[in-house]
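These notes concern the structure reproduced below.
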Amino acid sequence: MKKKLSTLSVLYRVLARDIRVALRRQSDVAAVFFFFIIAASLFPLGSGADPKLLKAMAPSVLWVTALLSCMLSLSRIYASDHADGTLEQIMLSNQPTVLIVLMKILAHWALSGLPLVLVAPLIGVQFNLSGAELQTLALSLLMGTLALSLIGSIGAALTLGIRGTGVLIAILVLPLYIPVLVFGAGAVNAVSIGMSANGALSLLGAVLAMALVFSPLASAAALSIALE
Amino acid sequence: MKKKLSTLSVLYRVLARDIRVALRRQSDVAAVFFFFIIAASLFPLGSGADPKLLKAMAPSVLWVTALLSCMLSLSRIYASDHADGTLEQIMLSNQPTVLIVLMKILAHWALSGLPLVLVAPLIGVQFNLSGAELQTLALSLLMGTLALSLIGSIGAALTLGIRGTGVLIAILVLPLYIPVLVFGAGAVNAVSIGMSANGALSLLGAVLAMALVFSPLASAAALSIALE
Amino acid sequence: MKFSTSNFELTANDLSAVRGERLLFKQLNFSLKNGTILYLQGANGTGKTTLLRMLCGLSKPYSGVINWCGNNINELAEDFHQNILYIGHLPSIKEDLTALENLQFSLALTGDSFDFAHACEVLKLLGLGKALHLPTRVLSQGQKRRVALARLWLQNLPLWILDEPFTALDVAATELLKQKIEHFANAGGVVVMTTHQEVLINAPNFVQLRLEDLDKPNHNLKN
Amino acid sequence: MKFSTSNFELTANDLSAVRGERLLFKQLNFSLKNGTILYLQGANGTGKTTLLRMLCGLSKPYSGVINWCGNNINELAEDFHQNILYIGHLPSIKEDLTALENLQFSLALTGDSFDFAHACEVLKLLGLGKALHLPTRVLSQGQKRRVALARLWLQNLPLWILDEPFTALDVAATELLKQKIEHFANAGGVVVMTTHQEVLINAPNFVQLRLEDLDKPNHNLKN
Amino acid sequence: MKNIDTKTDLQRLKFNWLQFASPKTFYPLAGKIIPWCAAGAAILIAYGLYLGLLVAPTDFQQGEGYRIIFVHVPAAWFSMFLYLLMALYAGLGLVLNARLSYMMATAIAPTGAMFTLVALVTGSLWGKPMWGAWWVWDARLTSELILLFLYIGYFSLKAAIDDKNRADKASAVLAIVGAINVPIIYFSVKWWNTLHQGASVSLTQAPAMAAVMLKGMLVMTIGFWLYSIAVVLMRVRAEILERDSKAAMLRLD
């Protein structure tokens, strides 16, 4: 009888597999990234090139675009596993589903949220944001995108196997994203008008903490409902 | 030997089926619609509540959001037909693929673009747009969304059967959408600063005409490549 | 049963297929006339599905040509398509539509008009009487296949290309399908099919073609 | 072959299943001990797949309970899951990964460590020697099934739940799988399986259970 | 022996309680309650409107326009209250696996959405004279809008899943997750400086408004409450009928 793997190493393998599958399609990971860049660049195109207007729009445009790009890639978390039957195997694992779900969310964040955090300041420069604003932008996105992946996972799990999922996820998830957006963009806005971003950032932290606790539970429940 | 159906009645059936499948899931059609409303409402949240800034942002925000909502529903055109094998049957039809493709695009537009045209003025009011601006907005969206469905169909066909399609479509299609966006939002911006929208609108018309001619051809070619 | 072309011929000349860096088959030649059943055999992965899709024109051969009544099928395009009934290993039905709606659409694609009463009859014959108005999503595997196969009863096309048509069918449905195929061939239709199940088909013109694994002629799993 | 629990029992008490407004089966009772093969039979749509998924705990019965060694499987949850090897009719493999990567992940899910050399051996035995490093997307239907089935050789779990395992397999692979199942049952494992193919399985404890169509007791397609 | 007795007693108790929650007993009970609630609602709402529109004095600052408060405020309260109630029933449904609970949640949603819409519309009608704009993007207004979206999400998800059982459960999870928005709406005026005014009725402080206004609002609130009960119970009854006529086709002994 062979030795059984420990919980940690099982979880590590789940994480590693999800990342590997995503990287096998590099275009997929690159896509979230480029979507963010392209979509953010659409706004200046639509509004003419008044630099003041751009600077004023920047926090909301960058944050909303980041939010939309995270949202667009949500279906990656579970949909393909559901379509090919792997999800059933995952639910039949000997490890608690909640933990496995958490790993899948982290994998999603590492490959969709994290890259945005890195590239956002670059785009911010194009919108004439100052150094302090850029820092706050990056920090708020770092916390915010993780919260987005966590919250989004619930929507992704609830809509599994339903047609026209893309848009339905959006409806379910966008209202829940709003606090993240308000505090995230609020932090940047605060810096723009010379105030401290601490208030907004700590509220963002609170949202993140709540999401970390509740989202895996809710997602696991949603998954077992979806497979019924 | 029974009588064969005429080309027109075959095409009519393709159109009717696509619309029926979509309406069978009313929620699906409603979803594009609500996505537009919700996403447009995100921007004011991210930017605080300065009415002047909002009015200035409005054309680009409304147009970009309309564009994103059309794009999100693009996968509906072919993806599910591909997944369940119906697309192969469609390619084996005794009617020219180009015409069938055109019908599928029209069905998509009727259920995703058209509703936006109807609701956009309502949202425009929330952004304090004037009557003339609202009219131009509706007119530019009427032409523009059809062009978006046509152009988007090429991207949808090219990315068939590829994982993480949502985001990949976005990348392929967004650059092609830029002329539509520039002329569409440009028309509204022109009215805002008291100029005539005719120039921008006729350019938009030209884009639409080109898309009508080339997109079905390109989509049909892309489909036969995707199935190979 | 009558067909639009009363005499026809499907010929393959020197066909070969390559996937990745693997040669699946080469120099395949055959000619199928009215009333022939071509039964493709071969172990998993020898290229049966690949060949069937080529015969429909869905994928292009690496070399060689396929002719329909003497004309290259790629040039005929729609003119060739209106003769084939292809059922692949996917059920080819929309899960959101009912069985009847699915059939109506399939028929429209080849320009056939839809006779509602007849379609109900066929579905009942296939044991789907209770499921006529359910979205096909909720049907079992075998029931989905039956919906797809109902086209064989409803459409009037001279060439059937069937990729493992017996998959997921229970004994009764297998028997029904087998008889249908025999009957079709006797009436002059051409069938190209594969199956791993042992189904004994009685037809005057029953041709077997075995695809071999070119990589390992003496593979340890002899088939 | 040895198992973590040397003595175990899977019992179903008064199970019933409802889908939509249809009662699929009711008052199903059985108890499976070491070495038993339960062969589920029934026409298409009688509820075989539904029952198998219930036995895994993936869906809940409409009424009745399922016990594993006397405890309700819903309460056992992960403690029950670590005993089952379920292979549904979907291949359950990620098309972007190779066969080996897929197996490694499947094994990790039940906490089994992965022996690379052994896995290669098994895949070769299953005729996939050339395909070890191809993404499974390009494999044929039958080859995909073989990758999924390789778990039977690699994992060491006492309860197998197999939904039409012979689908898409060629004759050689069918034979191989049949022997594997017999061998497993002889070593004390429990198997619950369905298949429409006629496969003769020799095992001391071979139990057949036939699900009937409750709606139409004298349906015209007698099975 | 004694132990076993207690256990069966407990079981019987639990059984009775659950039986009360079973659609069969619920249906006639609801039938009896509905007329009373409906009549009460009609009387109280009429009385409340009379107090609000005719009896209450004209406000020296806001003129006659303020009278919209008698509809606006109770509607806003109910939009939030009903959401919480819906989430509660949804949660109960998940825990007890009770059909009736899901039915209640489903039946509450349209009424809740309606009150949300009423609060939004009356609010923006009022906003035009007060703030000079139909709509401003302030925290309370926006979060009330989000509440509407949450209701819409709940409907959409329910409509998108055709298996009733799964639809019930999935939308229940969504309802519970969305409940997080309610405190945000309620406290938004405190957390952010907004145009919208803060709470003027609270349990801990003396009410800041005229007694007659307070009375009018309370009467309207109770009227809305009775209205909600009547409408929700009617919907549940319709739902029970529909589901049971289908269930009757099951021949499960």
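In order of appearance the chains are A, B, C, D and E, and numbering begins at 1 in each one.
Here is the rule we use: contacts are C-beta pairs under 8 Å (C-beta built on N, C-alpha and C of every residue); 3 or more make two chains touch, one makes a residue touch a chain.
Predicted model only: the values in this text are computed from it and were never measured.
K.L.:
By CA centroid distance, what chain is farthest from subunit A?
P.N.:
C
K.L.:
For subunit A versus subunit B, which are copies of one sequence, does the interface use mostly the same residue numbers on each side, meaning over half shared, or is it different?
P.N.:
Counting which numbers both chains contribute, over half are shared, so the two copies meet through the same residues.
K.L.:
Any idea which two chains share the most contacting C-beta pairs?
P.N.:
The chain pair sharing the largest number of C-beta contacts is A-B.
K.L.:
Measuring from the mean C-alpha position of subunit B to the mean C-alpha position of subunit D, what distance in angstrom results?
P.N.:
Here subunit B and subunit D have centroids separated by 45 Å.
K.L.:
Using Cα averages as centroids, what's the distance between subunit C and subunit D in whole Å?
P.N.:
Here subunit C and subunit D have centroids separated by 29 Å.
K.L.:
If you average the Cα atoms of subunit A and of subunit B to get two centres, how far apart are those centres in Å?
P.N.:
So the centroids are 26 Å from each other.
K.L.:
Centroid of subunit B to centroid of subunit C, CA atoms only: how many Å?
P.N.:
Inter-chain centre distance comes to 37 Å.
K.L.:
Could you tell me which residues belong to subunit E and also touch two or more other chains?
P.N.:
Counting only residues that touch two or more other chains, subunit E contributes 142, 149, 152, 156-157, 160, 163.
K.L.:
What are the residue numbers in subunit B that touch two or more other chains?
P.N.:
If we look for residues of subunit B contacting two or more partner chains, we find 25, 27-28, 31, 34, 38, 44-45, 48, 80, 163.
K.L.:
Which subunit D residues reach two or more other chains?
P.N.:
20, 22, 95-96
K.L.:
Which bits of subunit B are touching subunit C when the two form their complex?
P.N.:
Touching subunit C from subunit B are residues 1-5, 9-10, 13-14, 17, 20-21, 24-25, 80-81, 84-86, 88-96, 227-228.
K.L.:
Across the complex, what residues on subunit B touch subunit A?
P.N.:
Touch residues, subunit B against subunit A: 22, 25, 27-28, 31-32, 34-35, 38-39, 42-48, 50, 53, 56-57, 59-61, 63-64, 67-69, 72-73, 75-76, 80, 83, 162-164, 166-168, 170-171, 174-175, 178, 181-182, 185, 189.
K.L.:
Within the complex, which stretch of subunit B touches subunit E?
P.N.:
25-28, 30-31, 34, 38, 41, 44-45, 48-49, 51, 54, 125-126, 128
K.L.:
In the complex, go through subunit D and note every residue touching subunit C.
P.N.:
Subunit D residues touching subunit C: 19-20, 22, 42-45, 48-49, 89, 127, 130-131, 134, 138-143, 145-146, 164, 167-174, 176, 196-198, 215-216, 219-223.
K.L.:
Can you check the complex and tell me which residues of subunit E touch subunit B?
P.N.:
Within the complex, subunit E touches subunit B at residues 133-138, 142, 145, 149, 152, 155-157, 159-160.
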